[in-house]
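Letters are used for the chains, namely A, B and C, taken in the order the chains are written, and counting of residues starts over at 1 for each.
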Amino acid sequence: MFAGTVLYALINSVILLLMAIGFNLTFGISGVSNFAYGALYIMAAFATWMLMNLVGLPYFLSAILSILFTALVGALMYRFIIMRVRGQVLSEVIATFGIGLAILEFFRYLGFVGIEYSLPVFLDHSFIIAGTYVDMQRILIVVSSVVLILLLWLFIHHTSIGLAFRGIAQDERTALTFGMDSDYIAMLSVSIGAGLAAIAATVIVPLGTISVGEGYEVLLNALAVCIIGGLGSTGGVIVASLFVGFAQRFTDTYIGSHWTMIVSLVAILLVLVIKPSGLYGKQKELEERI
Amino acid sequence: MQKRKERIDRGIKVRSEDIFALCSWKEMLYLSGPRLLPLIAFALLPLVLGTYWQRVLLSVAVFGLLAISWDILAQSGMVSLGQALFFGTGAYCSGVLNHYWHLPPMVTIPAAAVVGGVICTLLLLPVLRLRGIYFAMVTLIIPLMLVRIVEATKVFGGTEGLSGLTPLPSHWIELYVSLAALLGALFGFRRVMSSDYGLVLKGINDNDRSVMNAGINIYWFKAQALFLSSAVGAFAGALMTHVYMFVGMPVFALDYSILPIAAVVVGGHGSLAGAALGAFILVPLSEALRALGGLRIVFYGVFLVVFIVALPEGIFHFVTRKYHQFERWVEVEK
Amino acid sequence: MSLTPLLRVVELSKAFGGVQAVSRISFDLPKGQLLGVIGPNGSGKTTTVNLITGFVKATSGKVFFKGRDITGLAPHKIVRLGIARTFQMVKPFYQLPAFKNMIVPLYSPRVKGLAGGKYGDRDAVALDLLEEVGFERDAQVAYKVASVLPQGYLKRLELAKAIALQPDLMILDELFSGLSLAEVASIVPIIEKLLLEGKTIIMIEHRLKELFRIAHRVVVLNYGRMIADGPAKEVMENEEVKKAYLGSEE
């Protein structure tokens, strides 16, 4: 049972990581709050479902279209709403959260609740690793996570756009003087972050059904992982997702599922109190505390 | 010829400045009108409304208190995403005092306000030193955590909560006590915030290093603001416990955290009157939309976004500006 | 004449990560002296002030004020003991009038005995203090909102805020920066008056000519170390100081 728990904990961590990647890019690295993240995740899943079941498109096409669509929605969201409240963090949070709320509850209102709302798995197959069943979908999740993280890391640290992303978070005025159009870059960041959420949704949602409530959980998980790991640090996000993933899984197996969320929340609290910038955060000493 | 908009104080505003307000009834009315209006309105409304809308008015008072509590914190530099913490703590305090020790509401409500305030302040003390966003996250997380803890440990009635608590003597008292509390908090804390003490709190918000540099212990002051705010929130919670005669996990619901913020966004941040106004607008609106079912929350979200983007100053400031000043187009001088 | 110096700094050091910002600074400051602290940018002047006033925790070393060890105390406590400082970048409460900006320091426990505590009394004290630093009373400059005041007045406001705390030691961080010669000339008498009143002052400055006219003694920092300490004229003859400021000859 122990080996099985460890394995599933690892997979859980990877799932959390995948969920958090897009959020980290937008909020952690570029400094733009997008609290509609969870809503965009679910929206992507529903979009794929609708394209498949209402329009009749094949799975791959639907998935790709919905990823592009979500990225577009992210860009529009920035251009028409976030851009106007840029800089005031609270307003950004409230505005994006409002959008997310509207989207999620709209789906709930339309009645998109039930077991028939689910996405098919990529390949229906299982392996036995270390004495436990692991299905193909979960393997796919791990693979795609690794690939995405690598791509992201390369993007952020080795391309000029990635550098621009980091630049506007550090000091927007200076970035402007360098000729970076900070609005355009922020829009790209939100858009790509949304696209990443869509990718995560496409891969993770097939594990269960598309549930509106999961939208809020995704946001909370992404937030937790990013905070514990340290906003903006890719390495930190990896470590944090391992930390939270393991904590959640072990609590679930050995203590009881009721306590799973509590453990995550306590973990966040402890990090915030002891080292607010997270495990690998880059906040300067003077800025962290007053 | 290019034109620009010019804003000038209204004649009557200038005439009612300082002692000249005593010149005539018109000037005195200009000044006292806005202050008397809510007093009279809240005194008379309960008499003309039916039972259903009276309940809504009670809700207005409760959310108004929560919104005021939020704004006090915000003006002192702390943004809370978890008013539900204050509300829930107060609710449980009075519920517990009533259920286990059979103390009457007259005692439990004030006691819960104070004790709830102390508990919340102590809980949040470790994070007072941190930057705003971390404080906000912690306030978001603690109520979520408390819900799960209550659920898991089954303390204080667990998932079922405590029911059969003592109600208040009559529903008229319920209503008027809560409205009186709202008005009291509104005018009282406005007074506090416009005094020198309030200036220090606002200074902490604006430039905390400068305030610390003046030899003032900002953490002590922040703790005080936190206590005041959480006591108000706890009071609201305690009141509701006795109105519903029940306390349970729902008191930590996200609703109680989000609606006050929405009320302040709509009504106007920076003045407690805006917070109360926001509650006065949003709560009945929310009730009226109940017919729409799930669509209600959608409307909510959109409403919130529209306000933040289009009228960030809030209705109260907008109305105040119109009341005191008028605008006109003038030609740009060369 | 063995009076305890008002301020005694012993081997004060601060490292930020790998950077040694301040390295083993020591000096004694007797009461009533005006000490100038100069040095190229980045030499650790403001960090030293932050260390003395408690805004930054020292890596090692001690600070004694009036004989008492104040190393590591919180800034507000140090202020209450009698040290007041100004900041290099003045940041007043912009939407408030100048005299309302003074309310916060006047609310400080350090000046408890000053003016009752009733709303309105502090206003009068604030207006008086501002007049002393040059806010012309008849022009009602003190009533103007801080956002419309020019830098010269804002610097004087900052100075007034420090004076309001009735300190024994005042640390002025680049008070003269951004001011015209005339403005500096009008502030100097105020500082001289403060000295006459018995205050001890430390001034960090880049405007050397103006500083040397009033400083009794000057300390020079470079790359976090103290490289000279003595009367102004003497210090400027020091080879190392010349090199630090002017760069190497070749």
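The rule we apply is simple: a residue touches a chain if its C-beta (ideal position, glycine included) is under 8 Å from a C-beta of that chain, and two chains touch if they have at least 3 such contacts.
Given the structure is predicted, the values throughout are model-derived calculations rather than measurements.
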Pair of chains with maximal C-beta contact number: A-B
Reference chain B; chain at largest CA-centroid distance: C
Centre-most chain, if every chain is reduced to its averaged C-alpha atoms: B
Separation of chain B from chain C, taking each centre as the mean of its C-alpha atoms, in whole Å: 42
Rounded Å distance between chain A and chain C, as computed from the means of their C-alpha atoms: 49
Approximate Å spacing (C-alpha centroids) for the pair chain A, chain B: 33
Chain C residues counted as touching two or more neighbouring chains: none
Chain A, residues touching no fewer than two other chains: none
Residues of chain B touching at least two other chains: 209, 212, 218
Touch list for chain C against partner chain B, complex: 53, 55, 74-77, 79-80, 84-85, 87, 91-93, 96, 100, 103-110, 117, 119, 122, 161, 165
Complex contact set, residues of chain A against chain B: 81, 84-85, 89-91, 94-95, 97-103, 105-106, 108-109, 220, 223, 227, 256, 258-259, 261-262, 265-266, 268-269, 272-273, 276, 287-290
Interfacial residue positions of chain B with respect to chain C in the complex: 195-197, 199-200, 202-203, 206-207, 209-218
Footprint of chain A on chain B - complex, ascending: 79, 126-127, 129-134, 136-138, 141-142, 144-145, 148-149, 151-152, 208-209, 212, 218, 261-262, 265, 293-295, 297-305, 308-309, 312
